[in-house]
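Next come two complexes built around chain A: one with chain B, the other with chain C.
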Partner chain A sequence: MFASKRLSKELIKMQEHLPPGISIFKAENLEEWQMDIEVLDDNPLYRGETYRLKFTFGSRYPIEPPEVQFIEVQATESAPNSKRPIPIHPHIYSNGIICLDLLGSAGWSPVQKVESICMSIQSMLTANQKNERPPGDSDFVTYNRRRPRDINFLYDDDNV
Partner chain B sequence: MESDDDFMSVASSHDDFLGTQGSDDESLGDDFGDDFDGGFSKDKDIVTTARKPYEVDFKVLSPEDIEREQNLQVNEVSSILGLPPESAAILLRFGRWNREKLIESYMDHPERTLDDAGLGTNFELTPKTEAVPGFMCDICCEDGDDLETYAMRCGHRFCVDCYRHYLAQKIREEGEAARIQCPGNGCHMIVDSKSLGLLVTDALKDRYRTLLTRTYVDDKENLKWCPAPNCEYAVDCPVKQRELALIVPTVQCECKHHFCFGCSLNDHQPAPCQLVKMWLKKCEDDSETANWISANTKECPKCNSTIEKNGGCNHMTCRKCKHEFCWMCMGLWSEHGTSWYNCNRFEEKSGSDARTAQARSRASLERYLHYYNRYANHEQSAKLDKDLYLKTEKKMTSLQSQSGLSWIEVQFLDTASQALQQCRQTLKWTYAFAYYLARNNLTEIFEDNQKDLEMAVESLSEMFEKPVPELANLKVDILDKTAYCNKRRVILLSDTAENLKNSEWTFNVDW
Partner chain C sequence: MKLDQFLAMDVGSDDDGFLDLRALEYISDYDDHLMCPICHCPFIRPVRLECDHVFCQTCLNSAIRSFATGRDGFTCPTCRTPTRDVYLNVPRLLTNMCDEIPVRCPFSNEGCKEIIPRGHIQSHADKYCGYKLMDCPSASCDQRTRKKDLSPEDKCMHELHKCLRCDEDIMEQDYEEHVQELCPSLKTTCPDCQVTVFRKALREHIEACPEAIHPCAASKYGCPIKMKRAALGTHEQSCPLITIGPYFEAQNSRLDSMELTVRHLQQRNEIFEDGLASIRSTLVESSRAFSAHHNNTATNNTNDTPDAPSASNSRSNPRSSSTTTDDSAAPLSNATTYLLSLHESLREEVAQLSHAITDLDARASMAIMNECLRLKEDMAHTNAAVNSVRMQVQWLMNPRLHQGQRAAAAGASTGGQNSGDGRAGSSAAGLLRSRRLSDTGREGTKL
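And now, the complex of A and B:
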């Protein structure tokens, strides 16, 4: 109830206007949305690519943060431009899980919205120079069975 | 002869040896006659006349005591600094209740201190909820001129409904209280208790207060929660972390649980916390498996592959590196000559070096096992004694009906059982302690004390297992033995604590 009211308002606003490089891919219900983002400057790591973010909302959104992660989509023959890889970044695991303090309960503010999260992630990519995955990526991807919200990330790096 | 007090501390012998600061059992004393003669009065007098070397001062605090103590400090700082109490509380929590340092820092840089603590400096406004024309809430995106709203002194305004949801989430789901920040993005203003009082339900206020009390105890070095399940008491003890090498601060909660104030583990006197930690780790991890391997196998002298000889002659050819050596002396096989399958070459250098390493690890394993077996044995026996303790009550009932003794006259079994538990607990840890103890003039006295206590405990344990009809006749013996056990325990603990305090022990490890 709380969540759906706020989400419908967000959706109406986003359908009117969205910042450059951000678009709605799917927002058919009020539980899961998918957004496409592009990095607009000339960062060679991300040039020419589009990435897809999946948002999962709980009933307590926006008091509680949504679950946000990248998802991978393979290109098909009929739609060669539909490829959506997982961006390379020292805070993004190769399975799409993002380590970002504003998505944890301590860094989250209920004033944040889908649009502002997309912008934060966009700028997190823009600022990155390192062509690398987080340390321990392969282990994490192999062994992690938890949902992103249940993982205790240590936000130790404020530089990226 | 004996006073009621004397009797009570015998009946609840737990209180007896670890300080009775927290208990006020005396009021019950009137229920019992004066004619109970345990022959304890002398021991009792020795025990209570002065604090033993192994005892520490402590005080048990109820949840109400903790809150009272907290409020006292808040009000004091509030009046010294001229701040509202709810702000003083935030300041104190920020400064981890170090009053002097906090006041000093406030006097030097009032604005910076307030800012760092998440308070802000504008104290003129009295916070209240109000409707603001033309307002739209950033959380729910609702607007309306009659929408009730609230903002703390930082000015971030939200509707009361969203604020309420936000606080409920923080308190109930995330267990936060002392450091709940303004919902505004990037605002570090802490939600004070007055704002909270305006916004949330009474049930949530209670939860909030409980959580605050929890952080108060966690923040203060001289306070610790009793680790017993469902116990709500905390213990106040002045022993500092850095003193733990010289003292083993065992305390007893109101709920009767004995624990170490230093590490919150069960009573582990006489072994200091650090040694206990090392010992538990040693027993837990598989470093001893490695020791077993080295005691039961040998390594190829050339490539160090581990080899277990499971039969055959002494002429070994390593499967990996094809090195040929003699299993007996570990020396080169070529030095044995061509047909010499019976090794008697003990003095060769190549062999003796390899053997010394082997012998050393074997000896170390045996030494560990010596102490571990005794440690584990007392742990196991304490468990068995505990099972027995559970049967004690039944035993006591049947003893009453079979021998015609009154309830009060069979209490000696309860006393004996408790003494057994406590003495075994102590004995158990003397073995871990002894494992790390390097030999000096004092270790012999320690081992004598250990032996005396052990013998006393075993013979009490044996009496305790006798069939019910015999128990009534053994009453005097059991009482005597119980007293003797307790006395031996006091002697052992006093001796170890005294020497620990004066750094007289030497240990074979660094800690």
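And now, the complex of A and C:
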């Protein structure tokens, strides 16, 4: 009840106005939304690309953080512009899982909202200069079967 | 208040009898600053942290409870300032503004159309709303009924009755409405065309009934014709008032706008009249003062010059009438024209005076010049006379001088023996020398 009320209010606000580079792709129910984000400046790593974020909200949102990860979408013939890759970043695994303290229970604050999460991830991409995946990416992607919220990340990089 | 005490406080929002204000439908947009950043609703019982960030009591409560690292390290959800205390006193302004936001009655699904400020919604729902769902007074019945449908005898309104016409089972609370409006078997006849229709379809039928009598569409322009809808179409095609209708509309709008301008002009006119009246009153006062002053001088004049009393009388007559009748315009204009003529004559007098002064001036300067010329001539004559006199004096003096020189030369040749002569000769020489000196000085000035 709490979560859906808050989410519907957020949705109404976002349908009126969204910051540049952020758009709603799918928000049909109040449990899972998909958002498209673009990096607006001229960072050569992300120029011209659009990335898709999947938000999964629990019933205790916004007291508890939503699950947020990138998802990959292949371009189809009917819509060649619909390709959505996973952005390359030292804190984003190639399966789309994001290591960001804001999304863990330690860094989460209930005043965060979908719009502010999108903006945080946008700026995290903008600031990045390294064309690399996190260390141990292939092992993590192969063996991880846990959900993002159950992973104990170690937030070691304060530069992001 | 410490965080632990705050958590121990009764939250009390989910109790029975209290509306969940977060579930209400907010009618108007509210300012983002009135919105709790956690639940995005206008603040409900707001509390404040040390950093002056405000949250709903329940929102902050759940935020503290879910805080991972324990209550000691709790930080403000907005600015992450470490926080130990919660203050229950927020500005009354904030509460008032939040309570003023209009909401829809929570029983709008039951038919309540009320929209009231949030601060009054609780009392509305408790006391006034007739659509509030109440438990059925009968102990055996577990259904609920609207407050306004409760029977005064506390009997259950959910017993089923069979409708006599349509064989449908109807609850007692809906029975009346069913019998009068909803029962599908109810039929009635159209008052116009005598066709029998189901009652609930009657309203639609009357809208479309070809036999119903309607006034002509131009009835507001004075077409008296009322006829059946079927025949009305042909009438409306030929009705002259309908064809002229748009013209009437245009005229009406023009009339309206003109009335508006006329009203404006009337208002302006009133303002101008007020201004004119005030000007007039000041004028009358000043002219009264002036005429009082002038009457004195006029009587003085009559005493001084006995041949002009008729003129002063004719002047003072309109003035006295103006003092008796203040508000009429005629004496006023008389006084004004009199003042104006007086002014004009004074001006003429001044002009004449200035003419005379310039004449006198010219004459005086001419006389002075003439006098000067005469004096100059006199001076020249005197000069000439003086010169001739000097010539004569010089001519007379010359032989005496020569005589003196000869006497001195003779004195110098014999001077050794006679000291008395020498003394006389030296004195004669000093006399001569002084004479010459004065002569040479005279000649210098002449040159």
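Details
We take it that the second predicted complex is superposed on the first by the 160 of 160 C-alpha atoms of A that agree within 3 Å, B and C clash if a C-alpha of one lies under 4 Å from a C-alpha of the other, contacts with A are read in each partner's own complex, and residues count from 1 in each chain.
Quick note on the criterion: a contact is a pair of C-beta atoms (placed from the backbone, for glycine too) under 8 Å apart; a residue touches a chain by one contact, two chains touch by 3 or more.
Note that the structure is a prediction, hence the values are computed from the model and not measured.
When both complexes are superposed on chain A, chain B and chain C end up clashing with one another. In the superposition on chain A, A:R146 makes contact with neither chain B nor chain C. In the superposed pair of complexes, A:K130 makes contact with neither chain B nor chain C. Of the two partner chains placed around the shared chain by superposition, neither chain B nor chain C is touched by A:K26.
Within the superposed three-chain model, A:E64 lies in touch with chain B and with chain C [touch as defined at top]. In the overlay built on the shared chain, the residue A:P110 is in contact with chain B and with chain C. Clashing C-alpha atoms between chain B and chain C appear in just one of the listed stretches 184-192, 346-354 or 472-480, and that stretch is 184-192.
Looking at chain A, you'll find residues 2, 5-6, 9-10, 60, 62-64, 105, 109-111 touch chain B in one structure and chain C in the other.
On the side of chain C, the complex with chain A involves touching residues 22-23, 37-41, 59, 62-63, 66, 68-69, 77-78, 80. By the touch criterion stated above, chain A contacts chain B in their complex at residues 2, 5-6, 9-10, 60, 62-64, 105, 109-112.
Considering their complex, residues 1-2, 5-6, 9-10, 13, 60, 62-64, 105-106, 109-111, 113 of chain A touch chain C.
Residues of chain B touching chain A in their complex: 138-142, 162, 165-166, 169, 173-174, 183-187.
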